[in-house]
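The data blocks that follow each hold one structure.
What follows is a pair of complexes built around chain A, which joins chain B in one and chain C in the other.
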Partner chain A sequence: MKTTRRMAMGLLAGAASLGLSMGAAQAQEDIVIGGSLPMTGVFAFAGISIEAGMSDYIKLVNDAGGIDGKMVRLAYEDTGYKVDQSVAVFNKLTSQEEIHLYYGDSTGFAKTIAPELVRKGSMIMGGASFASELNNPEAYPYAFIPGPDYTEMVNILLEYIAKEKPGASIALINSDTEFGRDPIAAAKARAAELGLDVVLEIITPPGSVDVSTEVLKLRRARPDYAISHGYILAPQPEFMSQAKALGLETKFMGTFWSMDSSLWKTVGETADGYMGVMPYRYYYDDADNAPMLDKIREMRPEYQSTGYMQGFLSAMLMVESAKRVLAEGKEMNGANLKAAMNTIKDFDTGGIMGLPISMPGNSIPVGRVYQFSAAEGKMLPVSDWINVE
Partner chain B sequence: MSGDLLFFIEISLAGLGSGALLALTALAFVLIYKATRVVNLAVSEVLMLGGYLFFAFAAGLGLSAWVALPLSILGGGLLGGIVERGVIRPMLGENPISVFMVTVGLGSILVGMAELIWGAEPKSLPAFISTTPLFLGEAYVSRKIAVAFVVAGVTISVFLALFRFWRGGVALRATATDQAAAYSCGINVPGVFSVAWIVGCATAAGAGVLLGAIGGISTTMGVFGLSALVVVIVGGLDSILGALIGGLALGLIQSWASTYLGGEYTSVVTFGLLIVAMMIRPYGLFGTHEIERL
Partner chain C sequence: MIIGTAKESYRADEALLTTQPQRVWMAIFLAALVALPFALNDYWLYLACLVAINVTAATGLNILTGFTGLVSLGHAAFMAVGAYTVAWAETRLGTPFFINLIAGGLVAAAFGILVGLPSLRVKGLYLAIATIAASFILHFCFIHFDGITGGATGINVPPLSIFGIELATYFRLYWVIMPITAVMVLGAANLFRTRIGRAFIAIRDRDISAEVLGIPLLRYKLMSFSIASFYAGMAGGLWAYFFRVVTPESFPLLTSIFLLAAIIVGGMGAIIGGIAGAIFMTLAPELLRFGMEWISPLVPNAGALLSPVRTVVFGALIVGFLIFEPQGLAEIIQRIRRYFRLWPFRT
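Right after this comes the complex of A and B.
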């Protein structure tokens, strides 16, 4: 047979399309975790770490053969920490891929997309938000929080304070944002139950820098503890610096997103003594029976931030749920995945969390109080793991 | 002195201090607008860059804070000069909205550059202002805020004097009033534009270092510039005195609102004030009537 140029081109095109369709079939076999990740903008420092944590856990799973022979893949795009952009990314990714597991970047996005999750019924969603409102399986049946919600975080701190100094006086310092205001009402109620006295509430406008006026209020109230929430770093160091200069003995505390030790290390001596709640172990923690920490340190010899641990555990919970659904031969959908996640009981995270974890609802109400040591440049544990279930 | 009165004085002093920071940032907007009729929204990001330059010089290169500070201010000025010569001047005569949008884009580029070079996480600046509390009589003032107040006061006074008495300042005012007439009088109008951008951006960079010394630096610290924009609009886009008085007044009002109404009312009061001021004097308290609003 005489091979013409047209035939050759046809054969090439056929081979190419066969290759493409095989590639597509391969891609369809993957279990895709979708993500609206804040790789730029105000929350970028967390988004970059979260992506690294999720990718590393997925690599470990794939290196071990994947889930039931299927590879896991993270498909994400940057959102700039803007709700409209997060929704656009969600719509784009879910129309391009078959996605049953999703990571969202904010409370605003989680709340915005919740009705769509219910309508689709095809996936569960975790994310960077620990908003208390999301910890309601009836209102948010397909949401999960990879740790304690913000109210539970503050409750862990209050439990610690009640034990260390019964009857202590407390100031609540919150940013005037949805994130910042989240735990205020519940914290006041829980403090009253524990016999603690909330003597001052300070709300700072978003983006506020100078806190001199607020420090004056603090000087008047002279609380034993000040629990701040709704910040990453600023303006907490300025609060601490001015309070120390004024001779206040107030102990400053914060919640998860304020607890990265590399951020506090840059603050220097002023940061010494800062405390807060951390649901996960730190990269550098010494712990027996923590093989995952060892693997992380092997994969990444340099310090990984708190966001990394959050991303790592989020991916672990998603993968574990998918594993359980596939093991039972069920369809991968929101209801089955969430039911599977709720069967997680006394689960060993490989040392990422200090206790075997369970997720009967939407959160894992476990955390530990750490304190920053300026001399060591590290957060050191000052309590056992506290479960406020 | 009664405790309540002392407390009122203290929060008022704190308000004046933080208002001075606003005034200093507002000055950067005013200097550029006054000469070029461009509302440079990128002032916020130049402020951020000033903080990062200080971080690079003081923490990265280990230079003394007193060397890093002028270098950061010079860096801001250099950036202003490059932007004016490279981007703004070719747009002379274009629609003001186009120029305004260029400054918005410039802001995004600066944030992206800072994230690429220094990373996305917030940082603290090496301490160079003492934290020892300052007492005026019995009243406590944060030393950093007192320093900000003095710096802003001196800087704005110098600019007020320059505009009134210095030949270059008069040239700048003439350019602002009528560019064609200024040209015909032999004033180097493009040169005036360059000077305004250089000095405006240098001022913003200096304000960024002060701001960073108080609240640390992050790529989103430019948000502070938006508060300063409120000052500029209330005080008058082309009034240096308006920037000073508007800044101090806003700082005071925010401090009182935060203390007696609660921090959640600060933004409501700030923007309520903006609306009222606009209704009474649409061109700002000290602005020129002919100001074109964007």
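Right after this comes the complex of A and C.
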């Protein structure tokens, strides 16, 4: 037994000295944005584009001289979309660098690290999660959501439906995960307020592919719209193709993480007509006053996904908050950064979002409904920008 | 060099540490565990705590799978039961930490007995599937018994506090998690010095023979399940205090597989195997980060390109162990011990 323990100890001690020495070696001058990013695992497709978006915005800031002469740097590591690894990365990075801005990869991580953020009081955190629970400045004072939360996303869709077809009947399709169940209760309440009729609720097991029984329920209920949430892609195409085969005229809708047009392009003809809420402009959007979109297209000639835009705007909000704190000569800490972020009012994102944005609380409740055109392979706007504040 | 160990009584023969060097090394090891938090930064302290929690859980699974020969893929579900019990007791009853933790272990043990019932009839892969089924049932309960489990959003756990002292930092948590893990491991090691532990091993080696020898299979199999689940429940309870939020997604099936892989890599049927396996499985991916960090200046866009490499290397390491050392890390450790026993006179 003795040698093992010795080995384990050696391993730990060696590792410890390694960690300590690496921490000391880093430069302290930069403004560091930390990140627990899912570069591998089920959410890797988003993690990779988020990283690209953040890096590109940071490059733009640095090329323009940084913040107050200080360079901005993204320090991130892969989490595999696992909470324990996300926390490990958080602890690793915060031990090595002075970090006041952080990007987290999941709702689970955001909830887990929230008490630690309060205890540390040194940073604010955004991330890939739009969980409604995080949109509560009292419970999550240092969190922010770079867009509408999931409830607000569904509300944007409901507003759109109420305008397009008053009194429409709706089916809610959600995955049986925390992510999927997030907006259900609020969506039902809001639908009732808007005079919309929720005729069916479907909960699918995570990872389910066969949805034929659920489609039969849809056929019986014949809703005008079906709002699905909690998925990236599957089983939405399955729902759509089977519903089409049964002659249903239900319009299918989704939320941000299932709105990437390159994903739907792979689905083909079935995807035609799929609608959903998108807080940011698409890479290929035509817009008059969108200098940032032009810059992005200049830097990256090929299509960039929705995750890229999310990362880009997240970095923009972080940098803007840091700028405001430094401009006032205040200390960079969680409270000051969050207060500075809350002063963001009618802020021009350079066309990343279609409206000048404000962040009075933890979210920016703005979005627009887009519809997929299989012929063009693009998402096209079908509504104006909707603010559900 | 040790030439031989003279034992003059059965007591000495049964002792956990039989030689002087063993006792000295153990003392050094324990002293190091005490000194560790003063030397480590938050990152390594976090990992030390996580390792300790995984060691407890893996040791539990090792009792069940490694020592009793009952394959379980439901271990994460038992951890979840412990975590939920602790979270529920902490938020609703406000009972002291230690009572919550023990309650977590006991409730998990009760579930373990229930899930273990089919083990009398089914073995091997069939039992593995039965335990997976049980974990899915539990998962369903976690989502749908809103009143107790908080549904899909789960329960946020307030920081652990003992005698009014709040233990929110990893430094402070270490002083709770590490001693409990040490006691749990000691308990497991001692278990196999008793009749019960030997009965487990007999069941693993050939259950029919064990029954012929007078070991009531049902009782001992269920006992093994309940002890293993108790360990899982305790680990889950510590996990709840450590991560401060318990949701239905906190303990996926992957966690069960992780623990099973830990004891296979570490060495089934050896206490040291569970420990070494849990340490390896938890720390290897983290240590690989540093490997990647060293190479990253040489590779453009290193973050995106090297992240998958880390996963692949980790996988290859596990496969490597299975091929070159099927007995696990425990066997490698034994080999090193044998080497040093004759050192410097190598044979």
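Operating definition for what follows: the second predicted complex is superposed on the first by the 363 of 389 C-alpha atoms of A that agree within 3 Å, B and C clash if a C-alpha of one lies under 4 Å from a C-alpha of the other, contacts with A are read in each partner's own complex, and residues count from 1 in each chain.
Operating definition for what follows: a residue touches a chain if its C-beta (ideal position, glycine included) is under 8 Å from a C-beta of that chain, and two chains touch if they have at least 3 such contacts.
If you're wondering where the values come from, they're calculated on a predicted model, not measured in any experiment.
Colleague: Report for A:A162: first if it touches chain B alone, second if chain C alone, otherwise both or neither.
Modeller: neither
Colleague: Of the two partner chains, chain B (first) and chain C (second), which one does A:A335 touch, if any: first, second, both, or neither?
Modeller: neither
Colleague: Classify the contacts of A:I48 with the two partner chains as first (chain B alone), second (chain C alone), both, or neither.
Modeller: A:I48 contacts both chain B and chain C.
Colleague: Which holds for A:G108: it touches chain B only (first), chain C only (second), both, or neither?
Modeller: second
Colleague: Quick check for you: in the superposed arrangement, does A:T94 touch first (chain B), second (chain C), both or neither?
Modeller: second
Colleague: Where does A:A186 make contact in the superposed view: on chain B (first), on chain C (second), on both, or on neither?
Modeller: Touch status of A:A186: no partner.
Colleague: Check whether A:D84 is in contact with chain B, with chain C, with both or with neither, and answer first, second, both or neither.
Modeller: second
Colleague: For A:T40, select first, second, both or neither according to whether it touches chain B, chain C, the two together, or no partner.
Modeller: In the superposed model, A:T40 contacts both chain B and chain C.
Colleague: Is A:L263 in contact with chain B, with chain C, with both, or with neither (first, second, both, neither)?
Modeller: Touch partner of A:L263: chain B, not chain C.
Colleague: Which parts of chain A are touched by chain B and by chain C alike?
Modeller: The overlap between the chain B and chain C interfaces on chain A comprises residues 40, 44, 48, 176.
Colleague: List the residues on chain C that touch chain A in their complex, please.
Modeller: 16-17, 21-22, 24-26, 28-29, 32, 36, 39-48, 50, 143, 151-154, 156, 159, 168-170, 243-245, 247-250, 272, 275-276, 279, 283, 285-287, 289-290, 293, 303-304, 307-308, 310-311, 329-330, 333, 336-337, 340
Colleague: Which bits of chain A are touching chain B when the two form their complex?
Modeller: 40-42, 44-45, 47-48, 176, 201-210, 212-217, 219-220, 232-235, 237-238, 241-242, 244-246, 260, 262-263, 266-268, 270, 305
Colleague: Looking at the complex, which residues from chain B come into contact with chain A?
Modeller: Chain B reaches chain A through residues 7, 10-11, 14-15, 17-18, 21, 112, 115, 119-124, 127, 131-133, 140-143, 145, 211, 214-216, 218-221, 223-224, 227, 254-255, 258-259, 262-264, 266-267.
Colleague: For chain A, which residues count as touching chain C in their complex?
Modeller: That would be residues 1-9, 11-13, 15-16, 18-20, 22-23, 37, 39-40, 44, 48, 51-52, 76-78, 80, 83-85, 87-88, 91-92, 94-96, 108, 111-112, 115-116, 119, 133, 176-178, 180-182 of chain A.
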